[in-house]
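Across the two complexes that follow, chain A remains constant while its partner is chain B and subsequently chain C.
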Partner chain A sequence: MAEAALHTAPTLAGRASDLLWRRQGLLILLLILPPALWLGIIYLGSLFALLAQSFFSIDEFSGLINYEFTLSTYAELFRPSNLDIIIRTVVMASAVTIAAAIIGFPVAYYAARYARGRWKALFYLGVMLPLWSSYLVKVYSWKLILAKEGIVSWLFETLGLTWLLEAYLSLPILGGNSLSVSWTGTFLVFLYVWIPFMILPIQAALERVPVSMLEASGDLGANPGQTFRHVLLPLALPGVVAGSIFTFSLTLGDYIIPQIVGTSARMIGQAVYQFQGTAGNIPLAAAFAVVPILIMGVYLYVARRMGAFNAL
Partner chain B sequence: MKSFLKSCSAIVLATNVAALPVAAEMVTEIGAGEGQLNIVAWPGYIERGETMAEFDWVTKFEDATGCKVNVKTANTSDEMVALMNEGGFDLVTASGDASLRMVAGKRVQPINISLIPSWDTIDDRLKQAPWHYVDGKNYGVPYMWGPNVLMYNTEIFGDQPPTSWNVVFEPMNLPDGKPNEGRVQAYDGPIHIADAALYLMTHKPELGIVSPYELNQDQYNAALDLLRQQRKLVGRYWHDAFIQIDDFKNEGMAASGSWPFQVNLLQGDNAPIASVIPQEGVTGWADTTMMHVDSENPNCAYMWFEHTLSSNLMSDLSVWFGANPAVPAACTDGRGMQTAEGCTKNGMDDFEKVRFWTTPVTKCESQGECVPYYRWVSDYIGVIGGR
Partner chain C sequence: MTTAVAFRKVSRHYGPVRAVDAVDLDVAEGEFFAMLGPSGSGKTTCLRLIAGFEKPTSGQIEIFGQPSADVPPYRRPVNTVFQDYALFPHLNVRDNVAYGLMIAGMARTERHRKAEEALELVALPGYADRKPSALSGGQRQRVALARALVNQPKVLLLDEPLGALDLKLREAMQVELKSLQRQLGITFVFVTHDQGEALSMADRVAVFNDGRIQQVGTPQDIYDRPRTPFVADFVGSSNVLEPAMVQRLTGRAVHASLRPEAVRLQNEGLAARVTGQSFLGAVTRLTLDVDGQSLSMMLGKGHSIPRTGDLVHIGWDDDALHLMDPSDG
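Coming up: the complex of A and B.
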């Protein structure tokens, strides 16, 4: 009866352990439940609270919030001045993203292919360093750089090119009284602040492109331009798209840069801040906050189709 | 043990419930301090010598009363209202565009002025100011006030200082011969619509504006039109006092509505800056210390009221913030650093010319129905966006 001796009465812990062994799904469920609850309550919960707010409206006369379901707040988004804000923000985010990709790609390429040892470390430091200092400090210093009596103007003056700067600033929309009160200024600061988020994913993608492929392309008679278009870019595209998600969404939501540098015309983030913070018009602020979520939803869907998340 | 705990919580609950209606009544006597005091205040309003050692009006109060002062700063009036709605605070330094909202929302309690020995030293013009005196009750103790002045660059204006707000509203050449376009600024807040309305009170009397904060649709539209004209002149609207200071230093700004705070700091830096109260008058702000309806530290709160009026607080704060004390004697009696000249510089003598900020509401006194504040916000965003 040795067999019977082995079958001692199982303890509670033992039984639980047996159960988890037999049903591995249960174990995973137990492990995942707390973070899932956290995400569900804190993250999705607040998101739904926001969504719910956007279906309320503000009473035209008393300024009090009317807690009844309505789509009128969303209709307000299509008023010319609000539509302006959305278009303005999307155009800016797109411009920043495209420019960041164009500038970031060669930098990332150099870092991935040619930089070695110490230079590589220096490169990383160079790209990351701006991220370590305070965001506000950077924006304020850019304001000084771009000011009418700032470094850029001084440089143009020293080179005798003031007329060029003046001509540029007299352009409609792009120009202004000085670079720091123009859309160009806002664009430059956005570009500077977000470009590390573009360079790093592109670099990661480029490092995964085997050199042999580029060599094979050359061996088969492709000129460098063809190699870039047909081999390198398609293979690195997931990295570019991943980077663009960062630059695009960060520009879409930012409300500090356009407040410090630019023409004072609102972007989405500022509109949310102001409607929520100073007007007490929480429904409209919520509706505004939904706009970037929708735009990013579409953007992420397209990005996923392009395989962007393989590079993350 | 469990039942003991239960009965304990029941007692606590019962006392809480019993205490609530009592707290809503006016305080009738000051007992011993509770050991702490929680204040919602504007940045820079409650200093304990941590920013600059000589500006300290908290330490002595704490030493004398044993009430530890905890400050929560708020950047806008709406943040203040939100914090007070949340509760957990004793006092708030509310501006006129927040104070009445809190009175109407029953977030603040009436003040028993007989418990504040120095009440009589308050400026007579502030004792029953409409932004805190409601239905015969004082809902707060006046704190500080200041005008929104016209700041200008003395090098550009030379010997012809501006006398009217027209330099920031109308396209024109400034005394240096160059146009004002791109060289003037305006405040980046919807309350600036009131400045436009104030300008129209003088220049378009046919509109019949009585108060710049009470505008009917026609008056409001006229103010917006003026602001649209101003948009063409303004490169960037100012939002943050320090950014405006920087703009006057580095962007060649000529003139803008501003606070004495910026003027003082720029002059302290030897920048060619001066300010004026133009002929149309100015808008301004007046703050009041108000007490939360459920304040848990009423004794400390009343001791603080007295402290604000009788100590070095108002005098030193007046220097620090470029504002005017609610107690005129604080300018002259040497209790702090402020002097009569300093107060004059901050606009102490121009009280009558100041139209103090109040929240525009639909039901307005002067003409029945006015455009409410939340529309000011969305329309001003439109104007700045070029609509």
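Coming up: the complex of A and C.
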């Protein structure tokens, strides 16, 4: 009797959980199936559709898509005006990434090494808080901050440094009529909006570096600068690379920030937006959209070859 | 004899916690010196003070006569073998060992040659191309040792380096470390909580408790003539007799230590009740109760073993009882 009781699954739920316990592969399959379908069909599917589009071309006169394999759309990317867009975007994304790493590293280091208890909570709050408000609200606020009558101009005026701002704005490329219509403005807003994505992975990487590792380096004669170069940076590099993947790819693809803050010259995101929308040139939009993917692929490959993931 | 490391009234306080409290200490050059104590007794903090990872709250540490207060760790002539070994995971064994030489600016081929030599010294040749993650605990320990020794430090600091190894390996490494120290003539300062390790390896031992040094002396001194009940209890599991009992036996109301192996069963003498036995192989340990004082003794093979509850008579040679005079403490 007792043995029989041991084998009875009284309810349907009980039976189901018994089955999952006996067949653990089934459980894993059930857990993985929905996200796998989502990623496989919605994400990868649309990515391949995009890739396919980029190998078609548009008929210049009728504006109809010619569904035949051609590389002519890709060749169009190398027209000077299009190449400018790509170079401009890559330079901007690199500048934002480098600046975010330089500013983010000390913040992440402080949080990982020294912040405890309440300070740590404050750190997370400070880093995450900007992510909680709407992206558009932030960008428009920055437009006001950087505008000709904005708080930055006012600050320079109050400090009697208007001449300095004027001198900066008169610089070619970097300057403009006001900060809000300059590349500097675009850069600052990108930096502000994406920097949490740089700080958090670096902080996570630094958390995993034991203090004894840094002490050992000092013990073996390395001054703090040498310890940073030979131990801390290599061990934090996976975090820096992870962060830079975010800041770099987010900047590469964004089309709203350069629309609102900055000059009228376009970046890749804007080009994609216009080619697929107003211009109706889906193949060229697709070809443009492939550019960031290729750049990120090359970037990850180079990072791996340089040993960025060796400490993982 | 030159003093390698000297502590002069050194204290390290963390808020109200006195991790190290007014410690005076001299470690002679070429000595194998052990700092022994339970966890939290201040021995590791003392080691970190020598390395420069901690600064004394008060007092002064001299390394070969040089006051070290303003000398950062990277300028001290000492190297450390860390408890967790702290090998750099992104470098292979060769570059780990050559790290100090690389920092010192030695050319690549030269420092790699020295690293290979150091690896041979610790009996680990042929492992230079591996990453630390591909090594066993004992091998990592040897790499950590080679990495410190290759810099030819004046003092080598070892922070419980054998703690993570299994018993067999630990015993083998004890012998090796000792002979390595003899061979190189470098001053070793060795932190451990294992009294057997300290007594078997060290030339001299400092016993720590609650941030203070209880006793400094040779292993024989510490074992045979413990100066405080703490030392007697911590080192060699001696019996510590309470002052009341010592007064009855000798007329002096002080603590006394009595080694279990000095106690004998006799036909007459002090009456004791057997409260337990544990079989240890070559000997059996009896625990006894003498008027509320608990006592243990070792019984060799060939004796019949009394049972729990039996009444026995015990005795010992007069000089086996070591009185702990509080005035020397």
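Here is the rule we go by: the second predicted complex is superposed on the first by the 264 of 312 C-alpha atoms of A that agree within 3 Å, B and C clash if a C-alpha of one lies under 4 Å from a C-alpha of the other, contacts with A are read in each partner's own complex, and residues count from 1 in each chain.
Everything below uses one rule, namely that a residue touches a chain if its C-beta (ideal position, glycine included) is under 8 Å from a C-beta of that chain, and two chains touch if they have at least 3 such contacts.
Not measured: the values here are computed from a predicted model.
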In the overlay, answer first, second, both or neither for which of chain B and chain C A:Met213 touches.
-> second
Mind working out whether A:Val231 is in touch with chain B, chain C, both or neither, as first, second, both or neither?
-> second
Determine, under the contact definition given at the top, whether A:Thr11 touches first (chain B), second (chain C), both, or neither.
-> neither
Kindly list the residues of chain A that each of chain B and chain C touches, one partner per complex.
-> none
Could you please specify the touching residues of chain A with respect to chain C in the complex?
-> 210, 212-213, 215-223, 226, 230-231, 234-235, 307, 310-311
Could you please specify the touching residues of chain C with respect to chain A in the complex?
-> 51-53, 72-75, 78-80, 82-84, 86-90, 99-100, 102-104, 147-148, 151
Under the touch definition given earlier, write down the residues of chain A that touch chain B in their complex.
-> 58, 61-63, 80-82, 84-85, 88, 140, 143-144, 147-150, 176-178, 180-181, 259-260, 262-266, 271, 274-275, 277-281, 284
Touching chain A in the complex: which residues of chain B?
-> 76-79, 181-183, 188-190, 234-237, 239-240, 243, 246-247, 249-252, 361-362, 372-374, 377-379, 381-382, 384-387
